[in-house]
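A, B, C and D are the chain letters, set down in written order, and residue numbers restart from 1 in every chain.
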Amino acid sequence: MVDLIKVTKTYQPDVTALSEITFSVNRGEKVFLTGRSGAGKTTLLKLISRIEPPTKGLVEIAGMDIARIPRGKLYTLRRKIGMAYQDFKLLPERSVAANIAISMEIVYRKNSFIQKRTRELLEQLGLQSKLNTPAAELSRGEQQRVAIARAVANYPEIILADEPTGNLDAETTQRVMGLFKELQRRDTTLIIATHDPSIYQEQRDRVIRLQHGLQDTSPPVPARPSEAVAQVDTVL
Amino acid sequence: MSLLSAALRHTGRNMANTWKSQLTTLFTVSLSILIFSFFYLAYFNGLLIGQELGDDLRLIVYLDEDPSPPLEEEYRRKIEKFDQVESITFVSRQQAFASFSRQLGDDRDILLDLPPDFLPPSIQVSPIKSLDSLSRIKRFSDYLQTLPGVLRVQYGKEWIERFYSVIQLIKIVVILSGCLLIMTTTFMVAHTIRLTLLSRQKELELLRLVGATNNYIRMPFLLEGGFQGLLGSGLGMGALYLLYRWLLLRFSGSTLFELFPCSFLPPATIALLMMVATLLCALGSFSSTRKTLRF
Amino acid sequence: MSLLSAALRHTGRNMANTWKSQLTTLFTVSLSILIFSFFYLAYFNGLLIGQELGDDLRLIVYLDEDPSPPLEEEYRRKIEKFDQVESITFVSRQQAFASFSRQLGDDRDILLDLPPDFLPPSIQVSPIKSLDSLSRIKRFSDYLQTLPGVLRVQYGKEWIERFYSVIQLIKIVVILSGCLLIMTTTFMVAHTIRLTLLSRQKELELLRLVGATNNYIRMPFLLEGGFQGLLGSGLGMGALYLLYRWLLLRFSGSTLFELFPCSFLPPATIALLMMVATLLCALGSFSSTRKTLRF
Amino acid sequence: MVDLIKVTKTYQPDVTALSEITFSVNRGEKVFLTGRSGAGKTTLLKLISRIEPPTKGLVEIAGMDIARIPRGKLYTLRRKIGMAYQDFKLLPERSVAANIAISMEIVYRKNSFIQKRTRELLEQLGLQSKLNTPAAELSRGEQQRVAIARAVANYPEIILADEPTGNLDAETTQRVMGLFKELQRRDTTLIIATHDPSIYQEQRDRVIRLQHGLQDTSPPVPARPSEAVAQVDTVL
């Protein structure tokens, strides 16, 4: 579904955020993307949704080179992808419901569908009571969940979640991961960038490790002694 | 279909959410239209007044002899060949004496001892009116001087010069202020749009990121701009009309409006101005989104 | 001390960082000043021209007899009692005949048979000039009519009425456009400040949160506003002067500037305008931060 | 140093973010503030720095009722407090150095001091190479560290850190905690809001637990089984 072949990204003038990254993710697969702060996780996700162009290399979504999509047709790509941004990108004055509805409104979903889906997502994420609250009046963790809800609302084929649990406590993290699992059952492809080992340690999913923009293919070293419990990652 | 209805919904919501800045924009547009059309109205009426004022403008050509009818024809032909005129009147010695004695009024007794042919005959020529006629009249006068049998050509030179100077001054003021105002208006509208865009940049970027088509993003701007242009120019025109009525009332007692016919802009002009404003606002608003839709 | 130097540093950095929007503001201020002072200049010169034009404005009072010197004194006293005048000239029968024959020029032979006293004596009264003198002159004329020994009072009624109508029209246009422009200018400056604030709101809030004093936060705005006001009004004035020179050159051949003395604004007025603009910008910019410094 | 007595905060119209919170923190103490997303951690920190006023109750800093400080003198309070905001509040166009310098410039520190301190902090947080990068071009984790650096730069008496490690990997988290420890040695009072048990589990510091705006005085329950290792918190 998502294929990267020797992708390099250099920010002007001299920051090499990624170099020669190669991996592919199959349909319905869930992949974790980890690495230290500044390793290039966000950059990688931006390349996949063509927010940034790669300096070198090839990015393919469903077998199509996305660099070839003309600017006017970019929306076809973007509709396939739901991205939960690390900085949320919520509209602060709009209500939670309106923020989530955006991704469905643009494809002219029926109002009844939008309302049902919004309520369902908010319930799943424990935000029922915030339906009509403006996004600016939410706590950071609540905002983060709204950003996730918006990303997944319209059942995109690919979900890119950038640090989706950075502001969430353990229990709320479980809810979010539950939501992702459910989507995976619907054959959604998931790429989750995170630095929190606890959310991937216990899962049998693949982990892609970045280190200063390079793909780290060595066997994973436990970051802190207490966490070296169960790491079942199959580094590509 | 769904695009249009979505766009309408968005436009409505945006305008409801940002009614403060919407009012600002509306006010800007109204004010600009008001200013512009006010100057246009002033110029328009200036032209009317100029025509009215020029009405008694005429050249008096003194002749040495009362011309015979064929000579009269000859004069008429020659004058009309040189430039367009509104009317040519021949005044004989008798007519001149009669009008002089009328002018003297109660003092006409002084003419009793004079022969009724002591005043020379003349031709009174009223040239066609135009606001630039000063030099034309001079040239006309010079030409008439060369005709055979002409003693002297006389016209209200000083009066004409002064009058046309004033008209010219008005014209310069109107044209220059017109230019300055067009600059200002353009600038203000651009400014307002920039402000609106700035406050909605985040939203536009987001819409682009979640996969909205360009038309979906831009249509509300087109509608909003058009709506504001229409409403704003309507309000501006309304304000201008009120101002005009107020001026008429305020100065109805003075000599100004007794002397000059004043009229409001014709409906076609109003319609044209409003249409242009609406189009400009719609297009300005629409095209301003271009920069934001880069990535 | 450290406050001022910090403020200067901040101002410099801000202006360097946001030079684009700074230029916009500068342009706005310049344009506003240009427009405003252009209208002021037009009005100012309109007044001058009005004075010049009114110069040959006079009332001619025809008398039945040449007045004796004590009667002359009496007339003079009575006229001066009624209203201020610029000059009073007595014209005897002889003088009137002489000037009439001068006016006739080559045709003066027709006067040969007339007695040199066939024209009545008169007093020529030039009232003090003012732009509202039309009704005053009427009242003056009515009064003079009542004096003993006065045959008739004559003045260029039509000419005066028309001239004052035109002047009145100019006045209305200038005053109204002045009002509209002051509105526009205020609006534009407020707009620009809002734009600047909007783009720096985050910074102001942050400064407040990290514990900067209000003066520390606001001083750069004061300096920036003042600087822009000064530079902007200077540029505006410069542009006005260039425009003025260009107009002079452009119309130097025409009768307009031969007839009327044209002059630029006096230095004191320029200084005043610039000072007011600087102050307004500084204060506007300064006080606009008030709302942001709530919490 | 920081005393809260029966503090209640209600947001209009009906969100009770905190109710009857009472605790005090001594000079030089380090206290962790935890609780689920939306529990009221950020609100509590905002009350202490008087960004929001309490609806009821008393907040005292160094024995002074901060509600009594007139608006014009608020800066005296704010200079005592260094706060690392959950949403960072960096100036995106300014360089990293300029962002950190702000908190020192406002008290007219010498340029040489500012430069020295900035370099020192960036080195400690692993951001040496980003000195002149605009804040907008940093990764989220890098931005978070800059926000922390700005909060601590001018050696404030009290440091409030709101979720300081939400976007940081384990190793970078260690660096930040190291920085905090060093400040504690200088007698700085620290209040750290976090949902990450791993950063307070191993420490002997006090933990204040919030639950839906109420103070949770029950003995702590481990959030996830794997974390029930060593919780030495003394709930007040």
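The criterion applied here is as follows: a contact is a pair of C-beta atoms (placed from the backbone, for glycine too) under 8 Å apart; a residue touches a chain by one contact, two chains touch by 3 or more.
Small disclaimer: the values here were computed from a predicted structure and weren't measured.
Between subunit B and subunit C the centroid-to-centroid distance comes to 23 Å (mean Cα coordinates, whole Å).
Here the spacing of subunit B and subunit D, counted between their Cα centres, is 68 Å. Subunit A and subunit B have CA centres that are 64 Å apart.
If you draw each protein chain as a dot and join the dots that touch, you get one closed loop, with every dot joined to exactly two others. You'll find the chains touch as A-B, A-D, B-C, C-D.
Put simply, subunit B touches subunit A in their complex at residues 2-3, 6, 17, 202-203, 205-214, 216, 295.
Within the complex formed with subunit D, the residues of subunit A that make contact are 11, 15, 34-38, 41-42, 86-87, 137-142, 144-145, 163, 166-172, 195, 197-198, 223-224, 226-227, 229.
On the subunit B side of its complex with subunit C, the touching residues are 24, 27-28, 31-32, 34-35, 38-39, 42, 46, 49, 53, 105-107, 110, 113-114, 118-120, 134, 151-152, 159, 161-166, 168-170, 172-173, 176-177, 180-181, 183-184, 187-188, 191-192, 194-195, 198-199, 243, 247, 251, 254-256, 259-260.
The residues of subunit A lying in touch with subunit B in their complex are 49, 51, 72, 74-81, 83, 89, 91, 93, 102-103, 105-108, 150.
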